[in-house]
Amino acid sequence: MTVALALEQLLNGLQLGVMLFLMAAGLTLIFGVMGLINLAHGSLYMVGAFACAAVAAWTGSFWIGLIASLVAAAAAGAIVELVVIRRLYDRDHLDQVLATFALILMFSEGTRWLFGSFPLYLDIPPLLQGAVTLPGGTQYPVYRLAIIAAGAIVAIGLYMLISKTRLGMRIRAGESDREMIGALGVDIRTLYTVVFALGAALAGFAGAMVGALQSVQVGMGEPVLILAFVVIVIGGIGSIKGALLGALLVGVTDTMGRFLLPQIFAFFAPPAQAGMIGGAVASMLIYIVMAVILAVKPRGLFPAAHA
Amino acid sequence: MNRENLVNFILAVLLLAVPFAANMAGQPFYVTLATRVAILALAATGLNLALGLGGLVSFGHAAFFGIGGYVAGILATHSFSGEPLLFGLSGTNQMWVIWIVAVLLAGLLGLAIGAISLRTSGVYFIMITLAFAQMVYYFAVSWPAYGGEDGLSILVRNQFPGVMTMRPLGFFLICYVVLLVGIGLFALIRASRFGNALQAARQNEVRVATVGIQPYRIRLTGFAISAMMTGLAGALFADLNRFVSPSMLSWHMSGELIVLIVLGGTGRLFGPLAGAALYVAFEYALGGITERWQFFLGLILLVVVLFARGGLLGLLAGKARHG
Amino acid sequence: MVEPVLEIFDLVKNFGALRATDGVTLDLRPGEIHALIGPNGAGKSTLIHQICGTLRQDSGTIRFAGQDIGGLGVAGRARLGLGRTFQVSSLAPEFSALRNVMLAVQAREGTSFRFLKPVMRDGSLIDAAMAMLERVGLTARARIPAAELSHGERRQLEIAMALALRSRAFLLDEPMAGMGPEGSKSLTRFLDTLRQEAPILLVEHDMDAVFALADRISVLVYGRIIATGTVEEIRRDPAVRTAYLGDHA
Amino acid sequence: MKKLLAAATLTLSLSASGLAFAEPLKIGMITTLSGGGAGLGIDTRDGFMLAIKNSGNKDITVVTEDDAQKPELAVQIADKMIQSDQVDILTGIVWSNLLMAVAPSAVAQGKFYVSTNAAPAALAGANCNKLYFNAAYQNDNLHEAMGEYANKGYKKMFILAPNYPAGKDSLTGFKRYYKGELAAEVYTQVGQTDYAAEIAQMRASGADGIFVFLPGGMGIAFMKQFAQSGVKIPVMGPGFSFSQDVLPAIGDAALGAKASGQWAPDFDNEASKKFLADFQKEYNRLPSIYAVQAYDAAQLILSAAAKADVTDADAFRAELLKADIQSPRGNFKFNTNQHPIQDIYLTEVVKQDGVLTNKTVEKIFTDHKDAYAKDCKI
């Protein structure tokens, strides 16, 4: 193993982490402000990817598709909030889990209804095609660097939004005291819809970005959703900072585990078996990490004030 | 007999009557459907102990369901092939033995998962149980010895003294009796001193601690018992399908078990049975009408959660009562 | 002198820069009612939380029934015989009054891990619980869910539960709060008899009750005990008059 | 589930009064019509129904149901089809794990199973069965062909598959014929969507060729990411990796990829041309290999039903074994284990008239048989 390869894998882990952060940020924001657990977040990710693929195919431009993904996911989020989610804030987590589980079924089947059963085509825009040579001589795909950059921009943007703007102030107020924010005269219903749509747009953005790299198909959001849950649980539910660090931790752990574990097992076992056992342990690794973290810190690394 | 008991009684009789009628009408498939209802109801009754009585929203009970299934599959495979299993012990095709092993292993797994998960609460608990189940799921998928993703076939259904288990009706009766025993146990536990403490811990954790009972121990015990019952259902489910695969461990399965309970009525004695019957009927009837049945299943579920919170039993038998 | 049941020595608790408990030393002797008074925000709740075990002190010791209980959790302290009631009633709301008391009885007996016998057909459990309800005068309300009981009845129910534990000391957190004058009077009479059972640490705002009941009074201000003494001593104490009663004379 | 798409529209009238016909044949098709793998099941169903429709045979009823790619659902449907619908033949399952759940117990109950795709080794060797036929291949075949192909010109291969039984069979099949050195043998998580870590390993491995078996969405993701990585090592795989159901989603990233297959749309025989034209006319898209396999399965059943009564299992089986059909694949015979003996070709992904498709390059195997037939004693 060379330093260049290790560096490349680290970048890969970073990129996965950034992508997870886009998902986890929305989830944790929605939980932090409204106390709502949203299983259908992965469906919004899917909506973003499908909107981007469909619009990109129609207009021929990935960038218009990307904008469409933001709009579509935010709109879907706002509609869902208005029709369904709004009735769930006062319910217990059980009801929230169930209702959003039901939404997953509806979104998945509905998307298949609209777009059919075959995966859609979505390509990387020409501007970001190909690979660049990194210092050290490794080639690395431009698009993955772009995802890392986009994630960093979103993270900074979110930080600015929450710490510097009026909306952010209301969000913070909502996180610390739900009754007080009502007393402050903020229209809490609108605030909730806006926050939910914002979280949805982030998920849709992630879906569109990743859709170009993977396959745009029904059910694509579910594996990401579960990873995002692992992220926010590790980070501390409700904490954006926790989501960022949790996402990077999960991304790097997962990538490095898949890369290193088979090699470690190769010291004890023949290559084919080492590959299988290493692969098996690698697929469980992040859950093991999560269990260890929660055994030590039951409320995650950065516990939010309530939850 | 109050109204809820009457509804419960009718449900129990109906579940018994439908397979006999179907058998006589030469429609043995409905016997299979009824068996499925009974097994799912048993699994959900197990979950109901944790969720309904203890307020522990476990989103990972598929792990126990699947463990039970794999116990049945693995023991049967070894019995069939004659290869020793562990420490020279051989497999078995006797349901009795399989059940005991399934219950014990599921209980142990429940203790292990519960010991860590119960340190958390609320959303954390939901998520961490989900994550543990995913861990078991990925283990099953990538462990090559017992079929991995492909699963494990049981060529001939396991045996039970005095019953022709390959006959749909014979196997149904076994499952039916086990379900009734499971529901009976649930009723006993709910009314017992332990049930007192478990339910009190759901209503008011501080109160339980203040009288000197550690909620953690009570919950851990409840969680393990719950895992055992769900594990037993898993073993039966494997025998019903003569097949076990990681899909029994998937998070959709965990979700479905919760759905069954809520459809029927959370914490109600016959809630899981009512929910399972309703769910299987939905699946069957909707599937006959449209290829998009999952969409409508979601819609119905949503409506139940939003507007009919007591579930089916809430509609039929009114509000739940507590002694 | 008799060995105190509860001994608190130099207890300190900080919340960030705020010192909520500042070197509190306090004891509770057999047979007495020791009242803890102080203005809002004086740190009474924080102190109670530390005694019950919901909060851990930063330094100092708490001894109860002859042993250091600093390492025990809420349940452990309760099992040693620390019975408490809450400022805002804390009950299992869906359970009947009877079943709430049963919970305390089975907790005292250590029989919570019995799975098969229905509590509602368990004669010894019912009798023991009914006896407690009778002592607080709730016999007629035994089958009513706790959530449907009146405010005063819930207070009585909490006391019945503490009684069922056969506590070695009672920690009563504002039992008079929200009670009408009639209720306060009868509760005062009841508490007066309760001291024979076990000593009471009484946190209370109702000064009439405090002066009527207390053998000793401690005054907590800004996390400190500024005075401890008999009713008369406290009435006369200039520091108390200044700091607490707002008397600048 | 219960999608009673009973034989699309053509036999609706018959199923009601089916008993009026002399010897009606009832086929139960269990396939994946919802969920992520629905594309394969839809092609299976459409290919199958095309052959039934072309035959004009009015005595055949096909009951189709969706298994949603869930084994326990497939079992439940199979139970229903056997117990309530009383079908004579089951078919249509795409996935090996679902097949393993259904086929052994179906044949144990005396029903025929004709597989349109899944072909696990477990049913090809010692556990083969008189009532179980496979019209597609044996799972290892296409991988074996690529192993054989890699011997020409590749000295150090990087091989990769998902960590599940079909993935392990795949790499085993490849290694059975490949004689060169292995740069690495990597197993990835089932359903994995990001292959950056594996691609980095490929780059660093010094391999001169890459063999991947990643069906469905996994393959789409891998090919797109590989194309962006700047790694220039040639990629090859079994036919499903670049089949018509995934090509549009992969896009130009698939261009030039080599694969093995028993059929490609450019096959120059009459049966293939007719099939292609009929399929495009009926469904307005290019068929995938799954459609061909299902089409042949239906043809096989039709050919046997024309000469024997399904209730006479031995006679029906004997007719099936003759494989008296015009397969778009060209050569098609059954081996002793009732799996195909057929030619396997090398194909390459090209763009024709703006549509990505597979072009035949050369024949790798002639009359290829699987490795398990020798263990089958029937």
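Here the chain labels run A, B, C and D in written order, and each chain numbers its own residues starting at 1.
Heads up, the rule we're going with is that a contact is a pair of C-beta atoms (placed from the backbone, for glycine too) under 8 Å apart; a residue touches a chain by one contact, two chains touch by 3 or more.
Please read these numbers as outputs of a predicted model, since none were measured by experiment.
Participant: Among all the other chains, which ones are in touch with both chain A and chain D?
Facilitator: Joint contacts, listed by label: B.
Participant: So, comparing C-alpha centroids, which chain is the farthest one from chain D?
Facilitator: C
Participant: Return the chain label for which the distance between chain Cα mean and whole-protein Cα mean is smallest.
Facilitator: Looking at where each chain's C-alpha mean falls, the closest to the middle is B.
Participant: So what's the Cα centroid distance for chain A and chain B, whole Å?
Facilitator: 32
Participant: Between chain B and chain D, what is the separation of their C-alpha centroids in Å?
Facilitator: 36
Participant: With chain centres taken as the means of their Cα atoms, state the distance from chain C to chain D in Å.
Facilitator: Those two chain centres are 75 Å apart.
Participant: Report, in whole Å, the distance between the mean C-alpha point of chain A and the mean C-alpha point of chain C.
Facilitator: 49
Participant: For chain C, what residues touch not just one other chain but two or more?
Facilitator: Answer for chain C, listing residues that touch two or more other chains: there are none.
Participant: Two or more other chains in contact with one residue: find those residues in chain B.
Facilitator: 138, 141-142, 144, 294 - these are the residues of chain B that touch more than one other chain.
Participant: By the touch rule stated above, which residues of chain D touch at least two different other chains?
Facilitator: Residues 33-34, 163, 168, 187, 189.
Participant: Mapping chain-to-chain touches, which pattern fits: line, ring, star, complete or other?
Facilitator: other
Participant: Mind listing each pair of touching chains for me?
Facilitator: Every pair of chains in contact is listed here: A-B, A-D, B-C, B-D.
Participant: Give every residue of chain B touching chain A within the complex, in rising order.
Facilitator: Interface residues on chain B, with respect to chain A: 51, 57, 59, 116, 119-120, 122-124, 126-128, 130-132, 134-135, 138-139, 141-144, 251, 255, 258-259, 262, 266, 292, 294-295, 297-299, 301-302, 305-306, 309.
Participant: Please output the residues of chain D touching chain B within their complex, sorted ascending.
Facilitator: 1-5, 33-34, 65-66, 68, 70-72, 75-76, 79-80, 83-84, 96-97, 100-101, 104-105, 108, 120, 162-166, 168, 187, 189-190
Participant: Over in the complex, which chain B residues touch chain C? Could you list them?
Facilitator: So the residues of chain B touching chain C come out as 188-189, 191-197, 199-200, 203-204, 206-215, 218, 221, 322-323.
Participant: For chain C, which residues count as touching chain B in their complex?
Facilitator: Going by the criterion above, the answer is residues 52, 54, 73-76, 78-79, 84, 90-96, 99-100, 102-104, 106-108, 111-120, 122, 125, 145, 161, 164-165.
Participant: Show me the residue ranges of chain D that touch chain A in the complex, using the header's touch definition.
Facilitator: Touch residues, chain D against chain A: 33-36, 38-39, 42, 163, 168, 171, 182, 184-189, 191, 193-194, 196-198, 200-201, 203-204, 216-217, 220-221, 224-225, 228-231, 245-246, 248-253.
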